[in-house]
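The same chain A turns up in both complexes below, where it pairs with chain B and then with chain C.
Showing the complex of A and B:
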């Protein structure tokens, strides 16, 4: 995998665009702040949500079985998938059994994680993403760059061009209203022709066997109300114990995600509709590995609101694609290395450890501490670049030896003062590419301190 | 009360005037301060790179040097956070470490929480922009962070307000990271610089004359950007402002 820094540098190279991207996401962050501050009990809600998730995860197997029993009582069929391949195979099997080839899908990061679309397409199926942003990235044949705002990296002029090419809208059209209407017409045709609807799951409730899908466009409801077959795919961490817990999460989710009090649609499903069939696919795909880890367990609290992305100063300036994983940003930089540390070894370092993600997270995941812990894991597994390993060994060696440290400091200061500029500012000096180094003083603090009379009396003071 | 002053390695070498200002302010407050010269570094650069084995000896060295003091004070939120929040794995239940952990304070935090000073002589008639360094803010809670729903407060601003004539600028993004982030500053140079440029621009639009903060590392990054573009904005550590003397004459 390309190092995050390389792709981030390419993103930043287009300054106006990077600036626009940063502003667009900061706008969402600011809306989130207003929404959070409208609830005086916000911090209590976060604490409560975090506790519910921690409890649920501690008894996950029991709650999953309870959910399965109750969902089956309601007439749903529940499937268990160990990994992405099993998940895809199960979904394909259901579709084939129903002799279905035309599918509409509402937004589901899990199916993105499992790469379900290309898999089904290889088996001759047509899968249409019906969330507008997801449809746009699907038409562009690229992955979403954000888990809530999948097309946040695309400007309206580009959408105009894309729709002109693929949907026949007027050339040069950029009016959002016009473009949305064109998309709506296009999607209505797909909804009408669909033979099955696939959705994700935001919350599944063990106590009732029901589940909730949150959308802003109503595309989930349309997608599963017209065709007779509904397949809902969920990661096993999406479970909550009781129906009464739902209110806590629904209040946090949309406020954190977009600053709305609640998503436009919170669709509740309790069994199949009359004459229809409902399948729920429970997917592990690495989640129980995370569950086993004391360091990273809390990352399973995640409700996929995207607030950590919106607030992350690095994400906002490097774009979702620079992370090269289904879930980008701070939470993605924890989940992705858990899957494959060697492949995603640069992600825990795509972070200035500012901690904004931890404070914004509605379920209190200690994101920046987990990112720091991942750095240690990466070092332990021997995945750090040699330059870093040896660099840190050398620095530590010097810092453990006071006289060597003092001598090195003196030498460095002298060099900075005496060397010609070209010897200091060159291609080996990443710091100095766009920044000055500090001007080196003649003496260090300790040099000065040592010259003071003993017993702390300070000449300068008197 | 015997206070051990910890001056971070890069401050010792590159910004001695900040160590000096810290010492002056503490002494003016009547504190008995000692600077143990055996000290070097808290180990944060190694820790933030994931190199535990290289951090451990420095953590042990730090605790051995400072365990005999009543308080440990440092003009750095980041280094104090390192000691307080990230040394645990090297010590377990060690009583020495517990003592050092509980008694380590960032400079402003010490003035505000321990000495509880509410007057400080001095005039600083300038428009000051406070850079809220992340570790001071979100690890030590020196102020309210914009993400949390809580009453607004800032220990740093409260202290600076004691000076006569001082004014504060207000920013569009009051606590966004400057992009220093240790090795991040070079490993992710492009993003780091853009973050820093954005902070600088925010201070420029706010009319900041003097940019200050509790961590010289963030300020070194921002100053590096300001100096490259020959900006008239001055950068001073908060201790230098509280001392009302940048101390540069002594060291240059």
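Showing the complex of A and C:
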């Protein structure tokens, strides 16, 4: 896996574009702030949300069983999948049983995580992502770069060009209204032809056996109210105990994500449509491993609002694709190494530890603390690059030897003042790549202190 | 071992400390004027509202709406409201509703904090009516407003199979460079007719 820093460097090479990306996300962050400030009880809401999630995780097995019982009572069929492969197999099995090949899918990060689309396509199915942003990235044959704003990295000129090539819109068109209208027409055809709808799940309710899906476009609802088959795929951490807990989460989700007071559609599904079929697939895929870790358990609180990405100074300036994981940004940099630390070893370092993510997280995940913990974990597992381990070993050696430390200080001060620039700023000095080293003082603090008259302390005593 | 048992067993191996659930009974913002807050919130999410005295006025007001006058195909879930010319009960395949221009349906109650309206699809044969029409009109009893989402859920029980949703404004997207465009896949407009002396439905 390419190092995050390498891909980030490529991203920032196009300065105007990197700036545009940064500003686009900051705009969303600012809207989130306004929405949060509109509620005097915002901090209490976050506390409640965090407590509900902690409660639910502490009895997750019981709640999963309760949900299953109630969902089945309502007429839904519930399936369990250990991992992505089993999830994909289950979905394929259901589709084959119903003899369908045309599927519309509304946004679901879980199916992205399981790479469901390419799997179904290999089995001769047509899967159309219906969220506009997701459809755009699907047409470009690339993954989403953000979990709420999948096409945030793409400019309208590029969408215009893409639609011109694939949907036959006017060449050079860049007006979003015109482009959305074209997508609407194109996707209406897909909705009308679909034989099954696949959706994600924002919240599943143990006490009722139902679940809630939130969208702004209405794509989830169109996708599941025309064809008779609905498959809903969810990670097991999407569960909440009571219907009234939805009040807490629906108030937080859209405000944190886009600054809206609530999404346009918050659809509550309890059982299949009359005459239709509803399948719910519960997926583990590494979640139980996270649950068993005291350090990282709280990352299961995540409701996928994307607020931590919008505020992250690194995400905004490096783009979602530089993370090379389904969920990018701060939360992705915790979840991805949990799945495969060796593959995603650079992500916990894509962070300045500023803590802004922790401040905005609606479910109070201690994101920057967990990122720091991950760095230690990566060192413990021997996954640090040699440049870092050797450097740390050298520093540790010097810091343990007083004379050597004093001498090194002198040597460093002298070098910084006397050596030619090329000997200081070169490929061995990664820190100095975009930064100036501090100007070296003539003497050390220790030397200065030695020269001070030693009567300060005496005076106080007398 | 089945996947189900394996997952449950793996979770149960971890004994976690108890964390009580919060009490949400009195929790949440209260507005001095719920009506004013609701209509302001509705406007902010791209919806429009009109206020009428009673059901008779509502019926006249709906007929006068531009979205009604320009509509060729109209479906209504409220008898007597709107000049409905689609017989929803006679249709079996929801795909036949593709070209409906206007859909009229009742709302159960509104939420002041976010302009959302609870829609209950109980006894509604074609749920797609809420989403497939070019424009939608919702009739709502103006006295049926709650302050916030906690009070909203106090009113809801999910004790039987069904579908319900909070609807807040028309379908929208901002997926192209964060420019807000109304009318993504679903309705291009939402008009809420607030009836002072309901019931609306």
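Just so it is clear, the second predicted complex is superposed on the first by the 447 of 462 C-alpha atoms of A that agree within 3 Å, B and C clash if a C-alpha of one lies under 4 Å from a C-alpha of the other, contacts with A are read in each partner's own complex, and residues count from 1 in each chain.
One rule holds for everything that comes next: contacts are C-beta pairs under 8 Å (C-beta built on N, C-alpha and C of every residue); 3 or more make two chains touch, one makes a residue touch a chain.
These figures come from a predicted structure and were not determined experimentally.
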* Asked: Which partner does A:264 contact after superposing on A: first (chain B), second (chain C), both, neither?
  -> second
* Asked: What is the contact status of A:438 with respect to chain B (first) and chain C (second): first, second, both, or neither?
  -> first
* Asked: Can A:40 be said to touch chain B (first), chain C (second), both, or neither?
  -> both
* To do: Look at A:378 in the shared chain and tell me whether it touches chain B only, chain C only, both, or neither; answer first, second, both or neither.
  => first
* Is A:218 contacted by the first partner chain B, the second partner chain C, both or neither? -> second
* Structure fact -> Check: chain A residues flagged as touching chain B and also chain C 39-40
* **Contact set on chain B toward chain A in their complex** => 7, 9, 11-20, 23-24, 27, 32-35, 37-38, 40-41, 43, 45-52, 54-55, 57-58, 61, 86, 134-135, 137-139, 145-150, 173, 175-177, 179-196, 198, 220-221, 223-225, 227-228, 250-252
* Asked: For chain A, which residues are in contact with chain B within the complex?
  -> 4-5, 8-9, 12-13, 15, 18, 22, 26, 33, 36-37, 39-40, 42-43, 311, 313-314, 317-318, 348-356, 358-360, 372, 374-380, 384, 388-389, 392-393, 395-396, 399-400, 402, 405, 409, 412-413, 430-431, 433-438, 440-450, 456, 458, 460-461
* Would you pull the chain C residues touching chain A in the complex into a rising list? => 2-4, 6-8, 10-14, 16-22, 24, 27-29, 41, 44-45, 94-95, 98, 111, 113-116, 125-128, 130-132, 148-150, 152-154, 156, 158-179, 181, 183-187
* **Contact footprint of chain C on chain A as seen in their complex** => 24, 27-28, 39-41, 44, 47-48, 51-52, 54-55, 57-58, 60-61, 64-65, 74-75, 80-82, 86, 130-133, 136, 149-152, 155-156, 159, 176-177, 179-181, 184, 187-188, 191-192, 205, 208, 210, 216-219, 221-222, 225-226, 236, 241-248, 250-251, 258, 260-274, 282, 284, 288, 291-292, 297
